[in-house]
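Note that chain A is present in both complexes that follow, paired respectively with chain B and with chain C.
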Partner chain A sequence: MVHMCTIVPISMTVGANRIVPTVAIPYPLGNPALEPADEKELRRKLVKKALEALATEVHGQTVFKD
Partner chain B sequence: MRLEVGNIFIKDVQFGAATEVKSGVLYVNKDELAKIAGSDDRIKSVEVFLARPGESVRIIPVKDVVEPRVKVEGPGGVFPGFMTGVDQVGSGKTHVLKGAAVVTTGKIVGFQEGIIDMSGTGAEYTPFSATQNVVVKVEPIDSLKQHEHEVVVRLAGFRAANYLGQAGKDVKPDEVQAYETKPLLEQVAEFPKLPKVVYVYMLQTQGLLHNTYYYGVNVSEIVPTFMYPTEVMDGAIVSGNCVSACDKNPTYVHENSPVIADLYAQHGKTINFLGCVITNENVTLMDKERSSSQTAKLVHFLGADAAIISEEGFGNPDADLVMNCNKIENLGIKTVLITDEYAGQDGVSQSLADSTPLGNACVTAGNANQVVTLPKMDTVIGYPEVANVIAGGWNGSLKADGSIVTEIQVITGATNELGFHTLTAKTV
Partner chain C sequence: MSKRIVHYINQFFAGIGGEEKADHKPEKRDGVVGPGMGLQKELGDAAQIVGTVICGDSYFNENLESCSATVLDMIKSYNPDIVVVGPGFNAGRYGMACGTVAKLVDENLGLPVVGGLYEENPGLEIYKRYGFFVHTANNAGGMRTAVPDMAKIVKKLAAGEEVTEGYVQKGLRVNYFAKDRGSKRAVDMLLKKIGGQEFETEYPMPAFDRVLPQPAVKDITKARIALVSSGGPVPKGNPDHIESSSASKYGKYSLKDITDFTAENGETAHGGYDPVYANLDLDRVLPVDVIKEMVAAGEIGSLHDYWYSTVGNGTAVSNAKKFANAIAQDLKADNVDCVILTST
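Here is the complex of A and B:
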């Protein structure tokens, strides 16, 4: 499982093993300040990172930073 | 900084030909108040109602509650940054219409906002069933955008409160209380043997319709800063939010912060109260990390032995609370946390979204998910149907007979995290 979450410490507290940090609480997978095309690119990057995290063997809680 | 607060006790509110205070009764010129509150091109109409303790009256949806005050001596005016320039407030003399309140209502802005019942079960869950309420119902022009709607109603409430506050300017207060905090080095020297306490005052700033303001500045934009406790008594902090109304601080609660009152009550006796650090609760991790680091730095720099930390709201602000606690405790400073709980309707779920072993002294203002039935009221000021959409209610909360089954989350001030109301909970 991968937990995509803005507030990483909460992910840690609830015990997620694979954590992908996201943008902000009201828009974890978006950013209204960006143009639509750039926002789509941002979203694609985050989802790709989550898929890579899912395919990665972990030993204990791991945060997948940039 | 020294402020004298003169309380003029208001025992009743009535409509009258002139707005004035006579023998503890606040008389309100309805038309003049409506005109002043409504003096904004973005407002279509303003209606004024009275709601007194014990009456069969429901106010829904409630946006803010504001206490009428007026500056009598000293610089600045009440609600700096919005109503009265931005001079430094918190010194001199201020008169308060103690017992009176302005309550703003009108068409719902979003899914937020609260309920005040003046009698019955609901009245027990809100502190504002005990105030003499002047209800200002504000309707915006049709083309107004949601975010502007919030600010328009907020400002109308401040105009109404300042208008009523003026009625107390030349009235002799029934009671005068003085509060003083000295510049830091003098304050530390005044009570050298007492433990030094700083109050970390967390303010709701989760974005549009969720903000709080300090001298007119959106607190989401500040880095944590020092505030003299008396500043709030002149309206330096105002509310721009009421989503899940149970644990949001209406402007009235900032004006009357019980945490500050209690710390002052112990000032010079058991503690040396150095002042407040105000901080925010923003929506990105970087903001939370920055603000909690700066808060801890400032508390440490002030030389605190202990800090009281109050939260506003729940959910992700629990992470801010925990970060503030961890970072301050890790500097060797003791903390006490004040929060409320979202433990589920049965009360057995995890209460907060985050946790820390260092948070070993915590006060709770109750479980916001507790379900209650609010009986039908004879008069409803506002829009009862929003009980089905505001946070804490659900589709079907409003029954055909006019009663409302809902979580206490919808009741303004029910689990107030400054301890403004009576609810609490014990660990079993």
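Here is the complex of A and C:
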């Protein structure tokens, strides 16, 4: 499992092992300030990061930053 | 002269507004605001709340670094002797803000901090060592007991007395002289254990719920993936009536006919953040549009036919565990290899 969330310290506390930091609390996987196409591109980048995290061996709690 | 208190609260308790004002920037006001009134009453002449620092919960958590510096400066400007945070009950972001303020004050000003949080508030676990936090109820209905409990500790601190009880253990070690040396105490304990007698450990282990990381997915282009969220994404109309806070259930919804969320087919049931952006485009919480495209393009093997959703807003950990067990069974039965869990 990969946890995509904005408040990483909470994810660490509850024990997620693969963590991908996201954009903001009300829109973790978007950004309403962007044009729709750019926003979708941002989302695609984050999802790809999550898939990368799933495909990576980890030996403890790991945050996948940019 | 009575001791000077600065009180940190969020935008809600300051009466500024709810979620729509959660991006409120830090501000300071002289004297008491909101729950500070009740607190001042309890304190009487023992201490005086000279200023209140207010910040929106989302703003604080999303701008942690800059906001921390501003809030610390505002607190410092009142030249306090003691800092009070909250009570934050079971509000996740407020709890994190209260805890962060406690840490800032402890580390930078060396002043005592008094706060109040519900036992399952994640902010408590992370920041309890930086202040005297009393246990509160999980919602603001517990204000009546939280304020006197906090006031009791503030009064002791104001009087220069040592505070030894009435707060959540900070987890700090305090030196003392024991009658017997360590090796003798350990052997005594072992003998009692072997003899089947009661014994009390000197170092209780914390009850962390940890799982070992799963091995990496070998090939995402062959993997079956599932989507789960605690951000409350539900079909338009919230058909299962998942509660906006303290959820008692989760929902399971078909992804068959959805390739893209719009304002017409999805919304959030979550009551703990501003829902405007999620209600316009739920892909911002659950990335169905992108995932479906990637499945179609062969970048992901396949997608489980349903998404699972609950509201992680003041939801009991025991309930969350139940939901997770049930969802995991479902996913295993469908040979799902991996899960993307999104949280707001």
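Keep in mind that, in the parts below, the second predicted complex is superposed on the first by the 66 of 66 C-alpha atoms of A that agree within 3 Å, B and C clash if a C-alpha of one lies under 4 Å from a C-alpha of the other, contacts with A are read in each partner's own complex, and residues count from 1 in each chain.
Everything that follows uses one rule, which is that a residue touches a chain if its C-beta (ideal position, glycine included) is under 8 Å from a C-beta of that chain, and two chains touch if they have at least 3 such contacts.
Everything quoted here is computed from the prediction, not taken from an experiment.
**Student:** Would you sort A:Thr6 into first (chain B), second (chain C), both or neither based on which partner it touches?
**Tutor:** Touch partners of A:Thr6: chain B and chain C.
**Student:** Go through the superposed model and pick first if A:Pro26 touches only chain B, second if only chain C, both, or neither.
**Tutor:** After superposing on A, A:Pro26 lies in contact with both chain B and chain C.
**Student:** Going by the contact rule set out at the top, does A:Gly15 touch chain B (first), chain C (second), both, or neither?
**Tutor:** second
**Student:** Between chain B (first) and chain C (second), which does A:Arg43 come into contact with in this model arrangement: first, second, both, or neither?
**Tutor:** second
**Student:** Quick check on the superposed pair: does A:His59 touch chain B, chain C, both, or neither? Answer first, second, both or neither.
**Tutor:** It touches chain C, and chain B stays clear.
**Student:** After superposing on the shared chain, does chain C or chain B touch more chain A residues?
**Tutor:** C
**Student:** Under the contact rule defined above, give the chain A residues that sit at the interface with chain B and also at the interface with chain C.
**Tutor:** Shared contact residues on chain A: 6-7, 9-10, 13, 24-26.
**Student:** Considering the complex alone, what residue numbers of chain C touch chain A?
**Tutor:** Those in contact with chain A are residues 58, 61-62, 92-93, 96, 122, 125-126, 208-220, 223, 231, 273-278, 280-281, 283-287, 289-291, 293-294, 299-300, 338-344.
**Student:** Please give the residue numbers of chain A that touch chain C in the complex, ascending.
**Tutor:** Contacts found on chain A: 1-7, 9-11, 13-18, 22, 24-30, 32, 39-40, 43-44, 46-47, 50-51, 54-60, 62.
**Student:** How about chain A: which of its residues touch chain B in the complex?
**Tutor:** Listed in rising order, the residues are 6-10, 13, 21, 23-26.
**Student:** Please output the residues of chain B touching chain A within their complex, sorted ascending.
**Tutor:** Interface residues on the chain B side: 206-207, 283-285, 288, 316, 318-319, 322-323, 353-355.
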